[in-house]
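Think of it as A, B and C in the order they're written, each chain with its own count starting at 1.
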Amino acid sequence: MFGFSSKQLIGVGLFLFAIFIGVPLVIGATGRWDFYFTLTSVALLAIASAGVWLTFYIGRINIGQGAFALIGAYVSAILVVKAGWSFWISLPAAGLFAAVVAVLIGLPILRLRGVYFAMITLVLTQVVTLTALALPVTNGAKGISNIPLPSGISVFGIPILPDFAAMENTKLAFYYTACIIMILTYAALYRLVNSRLGHLCRSMQQNEELASSIGVNIAYIRIVIFAISSFFGGLGGAMFGSIAQSVYPSSFQVADSVNFMLNCFLGGLGYVFGPMLGTLVLYFGWDLLFEFGKYQMLIYSTILIVIIRFLPNGLLSIRFGKGGDK
Amino acid sequence: MEQILANGVYLGSQYAMIALGLTLIFALMNVLNFAHGQMYVIGGFVTYTFYGQWGVPFVLALVMSCVTLAILGALIEKFLFAPVIKGSAREESTMLLAAGIAFFLDAVILLVFGEKQRGVPKIVDGVFNWDFRIIMPYDRILICLLAILSIVAFIGLMQYTKTGRALRALAQDRTAAQLMGVNVDRYSMIGFALGAMLAGLVGGLLVTITGVNLGMGGPTSIKAFMMVMIGGAGVISGAIWGGIILGFMEAIGLALLYQYGDITYLLIFVSLMIFLAIRPQGLMGKPWG
Amino acid sequence: MSPLLQVRNVTKKYGGLTANNDISFDVAENEILSVIGPNGAGKSTLFKMISSFTPTTTGEVIYRGERISNLRPHIVARKGVVRTFQETTIFKSMTVRESVVVAQHLRARASLAGYFWGSKTAKNDVTAFGKYADELLEFLGMSDISKEQASNLPQGSLRALGIAIGLATDPKVLLLDEPFAGMNHDETMNMVNLVRSVRDERGVTVMLVEHDMPAVMSISDRIVVLNFGEKIAEGTPSEIQNNEKVIEAYLGSVDDEIGM
């Protein structure tokens, strides 16, 4: 099926079982309802991280995903609160808007390589935060709060998506929604990487000159990839805003952009599912360390440093060995 | 106008020093040191502790800032960056390490020095006032002079000493430097220590004026990145120019656009992006660093 | 018959330096033409201008009556003029076969979206690419190393891989950048035969930049000689061998050559 081996299919099946049935069972048994919020956040951040990973795939270090997450969050919030759109329509709109912005910004900056691109994307996060502070439509520092919960959608009277506001347990609903979007994102990412576009990206990552000599329009593919990457960022950000029911200029900051990048590095840049694992480990790990109080940051960063010191090629490199690709 | 120029020189000299340290580390090891701002903050806290808390003479406190950061930088290079660079398939992995170190230093600062804003007594009193055209407290002038002096000393070190020549050779071409008999491992460590020391020195200098707090690390790193980009990564003259240009832009922007708040920074960021789109390698950089 | 490719009054200046000055010559269909000259004569720059990797300062390059200079490299490649690089320019972490498959980009019939959704055309393409890659590697005598990762290959195979990548794009004109550099006599002779068969069996017009005189003399139909950015001679190998200007240029620079 879809060219997967049976081993891969079993793996995917186990994964789906774990997140859709296993997690609710465990949470129900232990009573740690707060884990729903943690895991929902992990799923959403993993979507944005998937975008960052994709820009890595064309050889660009992207520390600007926070900018696109923030754009997505604002676009969705404004469409829902001020224009009265349904959240479910504002969600793809937020992604698309982020992608359009990415095209406009990408045209000049994607010519930069290496640390230059990394640094300018870092600055980009700051630009969007400051723009959000300055524009009237984003409400400045006050931000947009009291975003209503997603309303239901029905076609010809048949409910397709339920009304979140009428639900008793929105935590579970948000968890499922986030997981479904995350799975779609990673399925698309996997497909993309293993299709021709992915092969062209790899050729560009390894040598842009040679890629253009075999007829690859590298400028075009860079833009397409950056737009897709930012689409994921916008999607994750919009969903986040909806769960928090608010968005502020500080909702996504430079530190968040750095974290998205760290998720990818930690999971391993050679593996499509690396950013998902990286996000889980980093975010969940951070959450678990909460009980250490003021030592939380110290322990967290120490573990981070130890991991990178002894596994510089990412967590997944334990299984696949150095330089593996898949 | 004169006031703006004076502010520009003052800011620019501080910024140039921060950028110098960052660009030195980048040139030597191809490492984007995210922890640079935190090193600056630690430098500030060390001077605060020695001068502000224990009453040690200011100059001695500055020296302590330098020594602390130099040792810290050397240890970080030897036990973290060097092995990771050797064992990593992609050199970008050092970015993760640098970010981890930034978090770690933030945590250490939080535990040792706390979250509060800290200031120290003025090192000299009084205000220089030239006909209300330039008004500047004497301590700012002194700090500015010290910063310029340090920059000159640093350039002298790089140009005329054996260490400086080795570092420049290393920055230009690692393999060639090795062939020429430069002890690459040793000088990488020295260079990193030197870069960290510069950050600590500026921190120590500026604590007398702006004070210091935990939250200053990240924004300082971003500013340093910008200066390095303006001038061209890994180029010493570029870092100095970058610092001066950013200093002047800030001074001018804050004077003209005072009532619009952060719009100065927004304009600086946007113009930087436009500038880099036209000239990706910065003012002085080689194409593609 | 009009020539396949024409270089017309091409000049390239970098700041105050003139890398190429007013160079003109024609390339006929199905010939092997070498561009030779001492170091710094401007050979590589000329190649970069023909493949649009760098713009000309003045002058133009015409291919089948169309200007191909001052475009972008991938557009020139699409028209059928493809360059190869020296051995360091490869897809390091791909295998030989993967490199040749990816290089068939221009032969793709399906759109990128088609590949994403797995359309029928895309599936056919993928099969065809694989088949052609095997065939091409067989033709180049590289079947036994097709699963090797490029970064592990010895120098000679890297050069061949470069040519394989170039050929995979289905070029009409192939520009080879120093295909014999650093090779011993046997390797060079193998490569000479390979280049010849590329022309004879695949109908590809070949232009090459080279230092190795004996190889150039044996392989070329015609030779263009550059010195200090100027064209000083053009003709068949025997004409070039007896050209006084050429002899002078080379005698004057024998010492420079050793450094290569």
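The criterion applied here is as follows: a residue touches a chain if its C-beta (ideal position, glycine included) is under 8 Å from a C-beta of that chain, and two chains touch if they have at least 3 such contacts.
Bear in mind that the values here come from a model prediction, so they are computed numbers and not experimental data.
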Shortest path length from chain B to chain C (each step joins two touching chains): 2
Identifier of the chain whose CA centre is least distant from the whole-structure CA centre: A
A-C compared against A-B, more contacting pairs: A-B
Computed distance of Cα centres, chain C from chain B, in Å: 47
Distance between the centres, which are taken as Cα means, of chain C and chain A, whole angstrom: 43
Whole-Å gap separating chain A and chain B, where each centre is the average of the chain's CA atoms: 32
Contacts with two or more other chains, residues of chain A listed in rising order: 323
For the chain C and chain A complex, residues of the former touching the latter: 51, 53, 72-74, 77-78, 82-85, 89-94, 98, 101-103, 105-106, 108, 110, 112, 115-116, 118, 122, 125, 165-166, 168-169
Interface residues, chain A side, partner chain C - complex: 2, 191-192, 195-197, 199-200, 202-203, 206-207, 209-210, 212-219, 224, 323, 325
Of all residues in chain B, those that touch chain A in their complex: 26, 30, 32, 34, 80, 83-84, 87-90, 92-93, 95-97, 99-101, 103-104, 106-108, 110-111, 218, 222, 225-226, 228-229, 233, 260-263, 265-266, 269-270, 272-274, 276-277, 280-282, 288-289
Of chain A, residues touching chain B in the complex: 56, 61, 105, 108-109, 111-116, 118-120, 122-124, 126-127, 130-131, 133-134, 254-255, 258, 261-262, 265-266, 269, 294-295, 297-298, 300-302, 304-305, 308-309, 312-313, 322-323
